[in-house]
Structure formats: C-alpha cells, structure tokens
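The structures considered in this document are given below.
Look for chain A in each of the two complexes below; its partner is chain B in the first and chain C in the second.
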Partner chain A sequence: METPASRSRIQLNPLRPLLRNPVALKELRGRMRGPRAFVVLTCYLMVVGGFTTLLYIAGTAATYSTSGEVDGGTLGRVLFGSVVAIELFLVTFITPAFTAGSISGEHESQTYDLLRTTLLPERQLVFGKLFSALAYVLLLLLAAIPLQSIAFLFGGVDIEEVLISLLVLLATAIFLGTVGVYYSALTHRTLRANIMTYVTILTVILITTAGAVIALAVAEGLNPSTSSTGSEWFLLIVRGIFVCLNPLTTLLATQQYLVNQQTLFTFQYTFSNGTTTTLPSPWIVFTILYLVLSVVVFFLTTRHLKRIEG
Partner chain B sequence: MATPVIETEGLTKVFGRLRNPKLAVDHIHFRVEPGQVYGFLGPNGAGKSTTIRMILNLMYASEGKALVFGEDPRKKPEVLYRVGSLVEGATFYPYLRGWDNLKVVGNSRGGFDEARAKQLLQFVGLVGSERVRVKAYSTGMKQRLGIAAALLNNPDLVILDEPTNGMDPSGIREMRQFIRDLAYKYGKTVFLTSHLLSEVQQTSDRVAIVNKGKIVVEGRIDELLNQEEELEVEVGSLEKAKTALQERWLVIPSTVPNEPNRFRIKATRNDTPSIVRRLVDQNVDVFGIAPVRQSLEDYFLEVTGDAPLPLDPSSLPVGAKPHA
Partner chain C sequence: MSIDTPEEKVIETPSGEAATETPVLTEVLPELPTVIDEQDLIIETRNLSKRYGRLQAINNLTLQVPRGAIYGFVGPNGAGKTSTMRILTTLMKPSSGEAYINGHSVVSAPREVRRSIGYMPDFFGVYEDMKVWEYLDFFAACYEIPEAQRPGLINDLLELVDLAHRRDDMVDKLSRGMKQRLCLARTLAHDPQVLILDEPASGLDPRARIEIRELLIELAKMGKTIFFSSHILADVNEICTHIGIIEAGQMVAQGPIKAMRQQLMPHRVLIITLLGRLDDAKEALLHVEGVQGIVDLPPEEGKTRIKVEFTGEDLRMSEMLQALTSKGIPVVNFAEESSDLEAVFMKATKGIVS
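And then the complex of A and B:
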C-alpha cells in the first residue's frame, strides 16, 4: 500500500516509476552481473581508442606532409568524425544483440509464463526490456565521450557537434533496440530474432545509402536550364528522406552543412533558378523520424504481445 | 448458490487448425466450488496444462469458455488478480536470489509486500534460503518458492500445475501438507493437476480424470472409490476353494503369477465369517482373508486404459458423472 511518505518520495524522484519497473530492474541487475558487461565495455573502448590512436598518427602524418605543419582543425574534425563513425558502427551491431533476445530469452528459459501470469502490462514488459538494453548502450556512448573530446585539443569541433552526434547515436540505438525487441516478441527463438533484426537493419542501411547516392547522382545530372523547380523539390525530398533514414548519411550531411553554412538547426538550399529555401538540418529530421518509428515499433510489439498464444 | 470459482463450458483447444489439427482439449465441462481442492488428473499429454493455460488466459480456447469467479478472463482479465498460479513447473531467474525473484513477481503484480513475503517463506519452509541464488536451489525448493510466489497476492484461487514434479518423497509429503493447509487452514480454493494419484487422493475433495483431451469421469473421490467391495482370499487349494464359493459369490482368480492360490471374490466385509466357515467345512486351508480397497490409482488406470472406457452410466460408481 502506498503511504503518504512513499507518495512524497515519488514526487521527489522522477526516476522512481522507471526504477520500479520490475523487468527493468531485473534486467539491469542481470546485465551488470558477471564479467560480460565489463568485458564488452572494455573491448568497445579498446576498439574506439585503438582506432582513434591510429587515426591520430595517420592524420598527423597526412596533414604534415601536405602543408608542412599539422592542421589542427582538420585533424580534430577527422578524429571526431572517425570516432563517431566507429561508435555508430558498434552501436548498430551491439544494440540489437542486447534486445533481440530479450523476450525470446524469456520463452527459452521458460520464465515468460511467470511474467504473464502476474498480469504485468505488455508495455511495462517491453519498456523494461528496452530501457535496460538502452541504459547499457548509453553507458557505452558516455564512456566514449572522452575519446570524442580528444578532438577539442586540436580544434575544429564544437560542443554542439558532440551533442548532436550523441543525440543521433542515441536515436539510432533506440530505434534499433525497438526493432530487436519487436523481433524478439515475434519469434520464440533468440537466434531467429537476431537474424531477422540484423537482416532488417542491413536492408535499411543498404537501401537508404543506395537511395541517397542515386538521388544525389540524379540531382547532379539535372540540366539547370531545363529542369523545373518542381522536379528539383521532388528530388530534394526523396534524397532528404533517404539521407535522414540513415544515421551515417545524416551525420555526414549535418557535418557538411555545419562546415559550409555554419548553421546548426537549418540549412539553405539554392535551386538552379537561384531561389533559396530554408530546411531543417538532417539531424533534426533524423531524430524525429527515428523516435516516431521507435514509438510505432514499440506499439506494434505490445500489440503482438497482447495477442494470446493461439 | 455460490458462484463457482472455475466453470468451464465446452472448453476446447485444437492445435494446428490448418495442417494436421490436433484436438488437445475436447469440449470439457467442470465446476470448482469455493473452498474445494479439485484434482485434475490425467496422463502426460492428456490436456491438463492446456486447460490451465486457457483458464489463465495464456492461450485462446478454440471453442467454449472458462469462467473464473463467474467472469470471462478474456473480457475481464482483472479477475485473474484473484488467482495465484504455478504453471508447468516453477521457473525462476537463476541468477537472482529467491527473495529477488519474489520481488520481481510481486512488483509485476503491482507491489511487493515484504511482510507477506516473509510470512510465505515461513509457510513454505524457505526461511534462510531466500538469500541464496535460485540456481543453487533443489527442485523441491524451487517448487516451494513457486508456491510462495503464487500466494504473494493473497489469491482466492490457487492453481497448481504438477506441483510435485521432480520432488523427492519427503518433498511430496510436504507439498501435500501445503495444499491441505491452503484449503483447510486458509480457506483457499485449490485447482491441482497431477499424475501422482496418491497425492491427489490424499488432498483433493473432487477429481476429474482427463484422458486424450476428454474428461472421462468426474466426481467426489469417496464416491468414485465407493465401488462394490471385494475380498482377497489366500487358500491352500484354489480349485477346492472356487468349488466351495462360486455358487454364492463371484470368484476372480489372481493374475499374479507367483501367487496362484490368491484370489478375489465380490463380497462384503460382513460375508467374511460365512466364507471362512464354508471353506473350513470343505476342508480348504485358509491363510488369509481381507477386504480390498480400490485406490485412485487402480481407478485411474481402469478409466484411462487403452481399452474402450465403460461410459455406460450404469457401470459407473454412484455420484460419478460420465463425460462424452
């Protein structure tokens, strides 16, 4: 029974409902138990750190040989961009591994009925699974911030860029996490759920990258004297959708607008007839798109779990 | 008349509807009244767990319905807050301590009551073991923890699916005592499935025997076993004894190979003096005579045997209801 004292504690601690989720608590305890969590964290930092060192050595040599002195700004941007790319690669492959076995694992260890007979709401089950996996991914991302911040020593990178990259990485992790949980709810086998999740993710990455490249090539091939503003708009939107569905192209495009136009939230697009239009920066569209998609997949998962075994 | 705690109406489950359909539960009807210990008996694969899963809304019924406290859990799942269950063995998170597993179950049900959990650990005899990880528990300890988890929300109905599976004899005896206490000390209604017949015979008020998805027979245990009495007789000469007795009683020869001079007759305990007198008059040595009590096990084997079952109502004991 909830006492007045406990109610006041709830008001004081906004995280309390989250921490009262029994699945999240159990999962967090399970995840941090044993050496696995620490081994993964250590390996992750070693990979990111190792690449950063190699890039530093290669970058220093390259900028020195071309200009006779080390270009700090270029080196900083190269280091920062590379660390984010490595992080993105690792998050893409680590997040589904944490979530694709979340519900199917309950079936495999025969504890699913234990949870279902408690009448635990489906959304709490899915949220608990997702939250625990994402909490660990967030730990990985936060642990790598010092490595990203090495770029500050050389300049060329602002704090906003670090925050934007963190946001994009987090939105990527949330979406990939929900996809993993969805497939985990769909099948009772973790291996099958893993395969389905990775196939979906790779398909999305390949299609969006190819789509963005093709749309860009078509746009560049347009004859400015014959093309209409309408067709340019159409290609711009198509390219924008493809770019903003892929975290890597989103980061590259955002970086390009940041460097060329020095704008954080919007960018200017100039049509061939000389008119310009202001559009939201890719990272904003990407984050909204991925969070909306995550909510949709989340509800699909809870709806699937509500369907009783047929 | 009180609302039945469980009532099924033509409950049916067909697996694999499109390809190779298998009828797992076939139009079963039964009622469990408040305060009863109801035994649901059947061999493996008879449909016991499937029935429980449908009652607990873990699985859809293909036809019919199961009402819990007069409500359909599919339409009103909240009614299942009044139910505690142990389904298909006690499975817990092995890396968590017993206490933490109870916490997960309690919090999943909306709140963990530490005082009640401590009481339940006392009740199931796990005090001192609650701080040990479940992976170090024996099967019996896990089953006891399962009972404690099922009782956490102080349910009115406790559903126990094979609660003694994998337990040793002393564990089985303890479990029997738990079940009795639940019903007779704490006033819970217990729905129990098992294939361990002595356990059910000693704990249940009423049983349904299920075989191949159908309830073969249902009734009070004392009524089911209140069969025509038999006496077992051991004599020096079977032939002489049969000649002496068969004109008045039906003699059933023993089928046990190493006991050729032992046989049964359809007679009551009151016939014992007459039988002994007649045998002695015919110069037959009498080594023993005793009434034979049919156990639930005998009865179970009789009704679940491969041979066609005696579904003629007149062949069933008083109070037993045949199920088509």
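And then the complex of A and C:
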C-alpha cells in the first residue's frame, strides 16, 4: 500500500508523467532488460574512449614536435572536438537503428493490430517509441561527458562548449530518431525502414555539405567591387542554411566563431564594403531548425498512422 | 469496472448437494442470463462490401448479431470472415456499405467502436521481452485503465483465464493455448460489450479447445456478446445461440441456431446404440410422432446401432427414449448426430462454391 508520503515522493520523479505513456514504459523495460543495453553502452564507451586515447597519444606527439613543449590549449581543443565528432558519428548511426524498427517491428511481430484496436492515441505510440529510443541515446551521450571533460585538464575548453555540443548532438538524435520512426510507420518492413532512413541521412549530409562548399566558393569568387550587398546577403543566407542543416558543419562553424571572435551566441559578419552585421551563432539556428523539422516529421508520422487502411 | 471472476465450478445437483468435481466440459451448455432480443442488434452491417483489386472479398453482406448472443460465423477458407472482422474492428475500411457496433459507425466513430470491442485476431504475436503481468498491464494502460486499478484487474483477468500461476513468466515462453488465453484476457481489459474473436480455437489441442469454449460460455454469462469465426462446427454447434454462414463474401443463412437447423435441415438425425432387441426398438420408435425413417448402421464393438431420422423439437427425442425404456429395451447410447451442423453447413454452401 502506498502511504501519502511515498506517493508524493514518487510524483516528484520527473520521469513519472513520461512513464504514464504505456509504450514508453514498455519499451524502456524491454530495452533495459537483459545484457543488451549494458553491452551497447560498454561498446560505445570503448569506441569513444579508444579513439580519445589514440588522439591523445598522436596529439601529444604532434604538439611536442612543433614547439618542443605540449600546447595544452590546442591539445584540449583537438581532443574535445574529436570526442564530439566521434559521438556525432555514433549517434548518426545508432539512433536510426533504434527507431527504424519501432513501428514496422510491431507489424512484423503481428502485434500492431492488437495495439491499433486499443484506445492508445497514435501520437502516444509515436512519442513512446521515440522517447524510449532517445532516452537511451541520451544515456550514451551523458556517459561520454567524462571523456569530453578530459579536455578540461588541458584547458582551452569551457563548460558552455560541452553543453552546446550536447545540445547539438541531442537535436541531431531527436531529428534522426523522428525520421526513423517516420519510415518505420511508412513501411511494414524494418529492413526497408532502415535503408530509407540511412539513405535520407546520407542525402542530407551530402547535399548540405556540397551546398555549403559551393555557396562559400561562389561568395569567394565574387568580385568585391562589383558585387552588391544584396547578393552577398543572399549567398550568406544560403550558405548559413546549408551549414545549419548539418550538425558537423554547425559544430565546426560554431567553434570557428568561438575561437576567432570569442562569442558563443552571436558572430559578426563583415561585408566586402566594410559594413558589419551581427548574426546568431550556427548552433542556435541548427537547434531550432532540427527541432522544428522533428515536430513536422512527428506530425506526418501520426497523420499516416491515423489513416485506416483502405 | 470490474470483471467478475467465475464462481467456483460448483454444480448444484437437483437434490441440493454441491458437487465440486469439474463438470463434463462438452456438456456445458450456455445458460444465458436474459432472453435475447432479436431486434436489439449490437453488431450490424448493411450491404457491406470489400474488394481487393479485382477480388470481391465481401459482397453485400448483411450481418445481424443481437446483444447477448454467441454468434458463430462459419464459412470455408477465403469466404471473407477475417475481412469482415477487420472492418468491424476498424482496422480496414469497407469499399462500400455500413457497419455499426453498438450503434457507432466503424468508419466515422472508430474510437467509440474500439471502446466497445475486444478483438483477437486469427494470427497474433506476443512481445518477446515481457512478463505475463506486464503484458496485461501494458494493454490495460493502452485502454486508459487508471494505474491504481490495474493490479487488481490483472489478477482478476489471470484468474479468469486460469493463468494466475504464470503471472511472472515471460510471455513468449507460454504454450500456444496459454497465449491464446492470455490474448483473450487482454481483450477483456476494458470490459468491452462485444468480443470479436477470429478463430479463437484454431491450432489448439482438443483439451485447450474445450477450455476456450468453456471460457466463451463463461463470458457470455457475464453478459458479453461474442462474435467468433470458426471452421470447427462442433464448437459452433455446442455453444452458439446464433450462426451465420458466409460463402464467397455472401451471407448464405443466419439466425438463431435452432431456426437454422430447422430451416436447413428438416430432418434431424439420432444415433441409438442397443445391446439387442433391434426389432422391438424399431417397432417402438415408429410409433413416435415425427419419426421419418430408421436405418441400420454397421455394428460397433458388437453393439447394434441404428440411425433415426425425425423432425421436430427436442421433445420428440425424449419421447423416443421413453418409448424405448418403457419397453425395457437395453439402450446404451442415445445421441443426436453431432455432425448435424456439418450437414447444415454442407447443404447451405453447396452449389455456391466459387
């Protein structure tokens, strides 16, 4: 029997309302049962940790040879950046794997019809699947924070940077997870949903990278004396959108502005005619864009699921 | 809400003493609490049709299931039973026509329909990584049962389907029959008024089949309407109050089982096994009203058997038995032929086979 005291204590648990979602509770229970969750976490930390060690060895050797003395700040920055890049790579590949089977798997295990005839709203189904997958990804990200923090030992990295990188990684995971669930709802086969998700991700990466590079090249090719501020603005925005649609370029650009201008939230852009303007830092635009896109994809998914098969 | 677990299986013998041994399962007949009102339809379809491309799977089907009935939906493979059920359970849209459950249209009010029905598909899976109680807890939550009520509900449901001892086992380790019973418990989580069961007894051994049959009777006694499909005519014969025969997407015949038998099978068939005095027996039987003919059957284990064709109500059978016993004729077995419904079925579906 619950006493009033124990009940109020339970309700302080922030996960409580989320665990009211039956799907989230079931998935988390299933995911955490048995050795699988532990094995994935261990492998993930071993990969990230192994790479960090290698980079540390290579980094010390490289900084020694140039200055004869270890440059702590640079080494810290390189280590930090590398850990984040590895995490980004892993999140990009792990999140779809966690979500692309979420709804197609219910079809494959012949449990979808049972679920569908209950009163469970479609949005709760999608949210539960997404939440349980993302909760695990978040666990992976949080587990790697100590590795990111090794960089603190060398200086050159602030706590804000760690938080921003976490935010960008999380927004990436949310978007990729939503895309995975979307394809999982669209097709009844998990394999096909996986392929569709990865193809979409690779396309986004290729297009955004190519777009950013091309816009940059065009901007540099402009003749400063003849180009108008208007066309410069246009190219700047196009480039910005491409950069801010790709987590890797977003992180690189944010880092560059941070190093060059010492600002985290904004950066200054100087046009060729000498005027300057202040713009929001890429990570802010990225996070907003990815969250908005996630919401859109989420609604597309529930809309698709609401449709009764013809 | 609450689900009444069945009372102890105590049989009140006429003399008033209670016998606690399990009843002979096949002999349990439905005793429905109320008289069924044939006009009060809880499931109703009007000119329901469904086509898959060029295949007309359901063709102008008019289905009428009165409240409180145990309705057996029978038909050969591919007749359209599963398709009909998928429409009734809001999983599929009809191509044309209407379908109502408890007055709610399956197309325009799917949520109300889902609230009224419990559905067990012909093929279904269970989650691999769940315990039995977690499985029921999950579905109870999906049916918006408040958390505080769930533990009690789960215990009641497990008790009802006789799985209380497997509460903490993993679902995928259960036997087929147990999974079937667990799924049935799941369909009851929200105390629906109608159960739509697609071949609930398929793939089960005779024992498990009888258990399911018994459970259905128990549920009908709780006031639930049961609409189930089956190939096994014995199931239908023994527990249904109503039957509908579907073939090639069309309803061949439907109605209360008695009326169906009389309509389609004017002759009823009785098999009598005797230890001797065959001629006396024939003589006695021919004097009973309604008897149409008597045929000798090959003897079995040295006992004489005859087949009696007759028309009319059950009263005729009792008169026949009386006629035999009053003359001291040694009757050892006296039963209506159980394949009776099979004959109804064969007769009803003959000629329309596509």
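Quick note on the criterion: the second predicted complex is superposed on the first by the 295 of 310 C-alpha atoms of A that agree within 3 Å, B and C clash if a C-alpha of one lies under 4 Å from a C-alpha of the other, contacts with A are read in each partner's own complex, and residues count from 1 in each chain.
Here is the rule we go by: a contact is a pair of C-beta atoms (placed from the backbone, for glycine too) under 8 Å apart; a residue touches a chain by one contact, two chains touch by 3 or more.
Just so you know, these numbers come straight off a predicted model, no measurement behind them.
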Chain C versus chain B on the shared chain A, clash or fit after superposition: clash
Chain B versus chain C as contact partner of A:Leu120, first or second or both or neither: both
First, second, both or neither for A:Val168, with chain B first and chain C second: neither
Touching partner for A:Thr111 - first (chain B), second (chain C), both, neither: both
Contacts of A:Lys26 with chain B and chain C, given as first, second, both or neither: both
Touching both chain C and chain B, counted on chain A across the two superposed complexes: 20, 22, 25-26, 29-30, 33-34, 109-111, 113-120, 308-310
Footprint of chain B on chain A - complex, ascending: 1-2, 20, 22-23, 25-26, 29-30, 33-34, 109-111, 113-120, 124, 308-310
Sites on chain C touched by chain A in the complex: 89-93, 107, 110-111, 114-115, 117, 119, 121, 123-130, 134, 138-139, 141-144, 147, 183, 186, 190
Complex contact set, residues of chain B against chain A: 53, 56-60, 74, 77-78, 80-81, 85, 87-89, 91-93, 95-96, 100, 103-109, 111, 149
Residues of chain A touching chain C in the complex: 20, 22, 25-26, 29-30, 33-34, 109-111, 113-120, 308-310
